[in-house]
Amino acid sequence: MRSVLPVLTVIAALLALWYIAVVPMNAARAVEQAARSDVTLGTADLIRATMDMERPRLPSPHQVFAELWDSTVEKKVTSKRSLVFHGWITLGATLWGFALGVSLGIALAVGIVYSRVMEMSVMPWAVISQTIPIVALAPMIIVLSSSVGIEGRGVPKAIISAYLCFFPVLVGMVKGLRSPDQMQLDLLKTYGASGAAVFWKLRLPSSVPYLFTSLKIGIAAALVGTIVGELPTGAIRGLGARILIGDQFGNPIMIWSALFAAAILAGALVTLMSLLQSVTLKRMGMAR
Amino acid sequence: MIEAKSLDLTFQTNDGPVHALKGVDLQIGKGEFVSFIGPSGCGKTTFLRCVAALETPTGGSLTVNGMSPDEARRSRAYGYVFQAAGLYPWRTIARNIKLPLEIMGFDRAAQERRVDEVLKLVDLEGFGSKYPWQLSGGMQQRASIARALAFDADILLMDEPFGALDEIVRDHLNEQLLALWARTEKTIGFVTHSIPEAVYLSTKIVVMSPRPGRITDIIDSPLPKERPLDIRDTPEFLAVAHRVREGLRAGHAYD
Amino acid sequence: MMMVLLAVLVWLALWALNVRLARSAAGGVRAAVPLIFGLATLILWEGVVRGLEVSPIILPAPSAIAAKFVTEIPTLWVDFSQTVLKGALSGFVIGCAAAFAMAVAVDRSPFLQRGLLPFGNFVAALPIVGTAPILVNWFGFDWHSKAAVVVVMVFFPMLTNTVQGLRETDAMQRDLMRTYAASYLQTLLKLRLPAAMPFVFNGLKIATTLALIGAIVAEYFGSPTRGMGFRISTEVGRLGLDMVWAEIAVAALAGSVFYGTVAMIEKGVTFWHPSQRG
Amino acid sequence: ADDLTLQLKWVTQAQFAGYYVALEKGFYDEADLNVTIKPGGPDIAPTQVIAGGGADVTVEWMPAALAAREKGLPLVNIAQPFKSSGMMLSCRKDTGITSPDDFGGKTLGVWFFGNEFPFLSWMSQLGLSTDGGDGVTVLKQGFNVDPILNKQADCVSTMTYNEYWQIIDAGVTPDELITFKYEDQGVATLEDGLYVLEDKLSDAAEVDKLTRFVAASMKGWKYAEANPDEAADIVLEYDETGAQTEKHQRRMMGEIAKLTAGSNGALDPADYERTVASLLSGGSDPVITKAPEGAWTHVITDAALN
Amino acid sequence: MIEAKSLDLTFQTNDGPVHALKGVDLQIGKGEFVSFIGPSGCGKTTFLRCVAALETPTGGSLTVNGMSPDEARRSRAYGYVFQAAGLYPWRTIARNIKLPLEIMGFDRAAQERRVDEVLKLVDLEGFGSKYPWQLSGGMQQRASIARALAFDADILLMDEPFGALDEIVRDHLNEQLLALWARTEKTIGFVTHSIPEAVYLSTKIVVMSPRPGRITDIIDSPLPKERPLDIRDTPEFLAVAHRVREGLRAGHAYD
């Protein structure tokens, strides 16, 4: 709550900057347009012209928000022209990819924490996996998954999303599962506790704060992954497809509104994770 | 029965080996109360950790009740109080105390009963549902003592358990600990920096000195088992204290 | 099928070897473990591709990729310098430096911090496929637009990490400075920046992988006729999968070196941090 | 009904109207086919999809198909609904370009991803190198026409039915532009044809299936040619992104109809020979190195068109 | 001169206000050595922090040398030793000690000289180039004392500086501190849990009690300025110690 005013202030500042930037970004095209109809623009006219171009280099905020409004509130959510509909498609794949990535990340982290070989063999390759551009793998993922008989493009999308999502979870969970200090571990040793007891009673609970931090990063990464995956998977539905079509048909306003929709979706998901985090930590007595 | 014969422990560090323990010979009988005293870094903690199988000696032999320390650990012979409280922050005080009980498979009712008992023992009734960070440092330390007492380990190892407490609380807990020991006949290993505390509590005082960590003196206390607080003003007490102080001083650079 | 079986066996044997090596403490041996794991995986890959006669248009064998790599070194170098040296590196430097400066600048104002940081979540989720066409439009086809994409990608992770790092001092450390009546600048230089370094390097490490991915993907949205992203997309279209994988190998190699360099500097700078002391 | 998957070369748009019309109008159902149409995208190589078994038939340009064939992927053209090429290079007049002779030293936008072959063979016929210097500077253009609008390129690749109109819609007037159609320059290569893997053709059941498919598809194309607005609306119906506009699709359908007009679906061997010759003539770096064998067949169309 | 008049400090916390200090009246003359003793949570640390302008009182008045605490802080009147060592882990011991000197603009040569001096004072010669984590807890605490002594602050505030040290080292440092105080005429505020330590060092002993944090007794020591270690066996010493103990006990629940 304390951050409402600061956030609003920053938003206001960003909007102002954005409006100011619109003028020089679009001026050249506006002048060219005017020249075609043999008009020379005064400063005021020029500014007005840059604010409402059909194909701006930088759309003005009100254009983007009008489009956002139009494609969310004004359209039925089941309509394929509704951003809510496309956001929903993207959200679905994101959640699958997130589930997949989180499971993989946690499983690998547990393996790494409990096995030195796993740590030494897998960890460097996990880093390397993140240096491989996913778009290079995407076509292969699609071809391979269709040749092993997986139909529909939801699955490859989720795989691509999981690929980007698992790494932050892995890193965070390795840190988290290792966060118990020597004394906490020694304590259980003096009780003659089994490996399972150490995991459930010590490692897992102490990794929870790290888990949530990773989940927040992971869900944003999963969303980005899904949208990236929506281009090569046939650009049929989802926010990624909107971006591509907006790009090809010279509709920057469509790109920007899809970008905003993605950012808002991410914001909502991250907020959800934060909420989950504070509830869990409170129940565990770790929120202060 | 704890029996150490020419026990060695050397840590390999970047700037060469550290001889934390060197040729330590010590016998602790069942039901004894043994205090360890000595300057910082003389190996008190290390010795206790060896007994609890938290460290592996690099030489000599060490047996606990005729078993290896590790076997004794797995048969759950130890209650250990660490130098710092080390409570799990996501568990309330009561659930921290329950932790060993859960692991050792006590049933629900027994868990509740024991928690209540030990909380009373360390004067923390009513704090069971608080989280560790809601307690002062001294209260946390008492909770960690309660945790070690909750299950009936034969051997109690305590590493400076009363370091963070003021004199009055300390006296009080000293009395309680003596009473507990008298009642239960546990074997207790106890590390302290305080000479009066060591003398007041122990049947045997082990004075250690550093670099390498070794035993310089073992003093069998002539004090009776029954010890009111004012025993500390008796000549016997002062004589033992004097001998400990001399032993300690020998381990220091200044005279 | 024999081939596949054999490859699996070799993989298992090397894994067993690794299990034994991992127990030994010597530094050189430990470095070998990931290499052996990589080698084992390559052998498995080769075996599966040959054994199942996977089409080279779907997945080429490592040997074919290696052969392509060797013959195409000049092209790979041109692409590498276009994408990594020009695009990724300059974007990385500009983005991280700007974020760092911004973090220090907003550090004195909790108001600005509270206002700015929530945007991290939003910007972190801006899909690169959306920002890249816009930035190519703005900054042109050459590496400048790739650097811009990288700047956008690395800015917020770096900013959030640095801001968090600057907050990372404990109350006693700050109180100490107060008792000395230290100035803001003195506190910043002698306390908060050193204390922030583990977080700063966390941000830098995240930024290395983002920078590489960003620079490559941005080339899908327009580029000169060189660059790793250009080559990858073009060769996929031509079914030159061996070349695609050669580029992927370059990316992995460059990424590892880049990441490794940052991690090494980190080790030197934050030697005092418990996580570096093992 | 027999299942059949068709991989398109690009996203759902009027370029592929014939197939959508056949689907919507039930022509495939009548032929006892259960057809799935997979739209393409920027990272989908139709040749790779068919190699991986993700589709039975794919829409592809002949240069890419022949190049893939030389790579060892035995693609065979079974039908050629597009008679003429819609590809062109659109330049701003104010760059001083009046004919291909003026290209030297200019910056040209080109599509890659398997679409660059016609351009490359044209340039090599003109004797222009494509790596800067005294030749031309090539830009890999993205999916839009921004480079020419921003004057980042002097010319960009356009299709008569698509990108050209993006430039016009952006406010540039037709007389500010000069366009060079590959058809007019004599370097036209065959565009959207239907390709399958060779082994399908030795299986009588598959041949029968493909025959029914081609027949139904051509029926779709002819219907689309005759009813362009309705065809465009059908395409819009199938566009799941909801981002395509009626204005644009109707216009695209009109232009597409011009390209399919001359074809009954059967490949004209003369067009094929011309395409091969053009691809072979690439100077030092031809797109294909030797004339392919068995890269097309009339078996399907002969059966389908009777 | 430090002068507190009905000083109040209330912390607002989630479960209501905590009265850390309530109606504290105290005068400390220049050159005095004042010890604060009292149970955990009685406000000793809080009072010291108020003097150092690290906390702002919520009521009453507090002046230091006639200035507000904050003005005194900005004129660099304080050396403060915290309850924990608080060394910066990225600096060696020597550079930790140099930290205040760098900030206050001492020149290079003076810095080196002072570091050598204070390292000797706390018996850490030869450890200057080690990092804090390479030292035992006791050595770290000594380094932090050295850091506070390195620049010549008029007022030295020490919060349980010797808590982590064993008796021998503690005695030694007590002597050193007394000598330093006698030599320099600094004003010293000193928190401790040890009654003998408080009596041995101070010219004035302040006994505090918690909830709310207040002063229950102020004892002016009758002991001479010259204090050999064995002064601790004199009747005067024991009498003062007794009075302190009684004051302390009154603040506790048990009798």
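Per-chain residue numbering starts at 1, and chain names A, B, C, D and E are given in the order in which the chains are listed.
Operating definition for what follows: a contact is a pair of C-beta atoms (placed from the backbone, for glycine too) under 8 Å apart; a residue touches a chain by one contact, two chains touch by 3 or more.
Remember, predicted model here, so these are calculated numbers, not experimental data.
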**Complete:** Joint neighbours (subunit D and subunit E) are C
**Request:** Determine how many degrees of rotation, between 0 and 180 and to the nearest 5, align the Cα atoms of subunit B with the equivalent atoms in subunit E.
**Result:** 180
**Request:** Between C-D and C-E, flag the pair that has more C-beta pairs in contact.
**Result:** C-D
**Request:** Can you check how far apart subunit B and subunit C are, centre to centre, with Cα atoms defining each centre and the answer in Å?
**Result:** 50
**Approximate Å spacing (C-alpha centroids) for the pair subunit A, subunit D** = 35
**Fill in**
Rounded to the nearest Å, the gap between Cα centres of subunit A and subunit C is 18
**Item:** Where subunit B and subunit E are represented by their mean Cα positions, the distance between them in whole Å
**Value:** 30
**Item:** Residues of subunit E whose C-beta touches two or more other chains
**Value:** none
**Item:** Junction residues of subunit A, two or more chains touched
**Value:** 57, 135, 139, 143-144, 147, 231, 244, 247
**Complete:** Touching at least 2 other chains, the residues of subunit D are 42-43, 45, 48, 51-52, 142-144, 146, 150
**Complete:** Inter-chain touches occur between A-B, A-C, A-D, B-E, C-D, C-E
**Fill in**
As the complex stands, subunit C meets subunit E at residues 170, 172-173, 175-182, 186, 190-191, 194-195, 197, 270-274, 277
**Prompt:** Touching subunit C in the complex: which residues of subunit A?
**Reply:** 2-3, 5-10, 25, 57-58, 116-117, 119-125, 127-128, 130-137, 139-140, 143-144, 147, 216-217, 220-221, 223-224, 227-228, 231, 239-240, 243-244, 247, 252, 255-256, 258-259, 262-267, 270-271
**Prompt:** Any idea which subunit D residues touch subunit A in the complex?
**Reply:** 11-12, 38-45, 48-49, 51-54, 142-146, 149-150, 166, 169-171, 173, 239-245, 248
**Message:** Taking the touch rule as given, give the residues of subunit A at its contact with subunit B in the complex, in rising order.
**Reply:** 181, 183-184, 186-193, 197, 201-202, 205-206, 208, 284-286, 288
**Residue numbers on subunit D that touch subunit C, as the complex places them** = 42-43, 45, 47-48, 51-52, 64, 67-68, 71-73, 112-116, 130-131, 137-144, 146-147, 150, 152
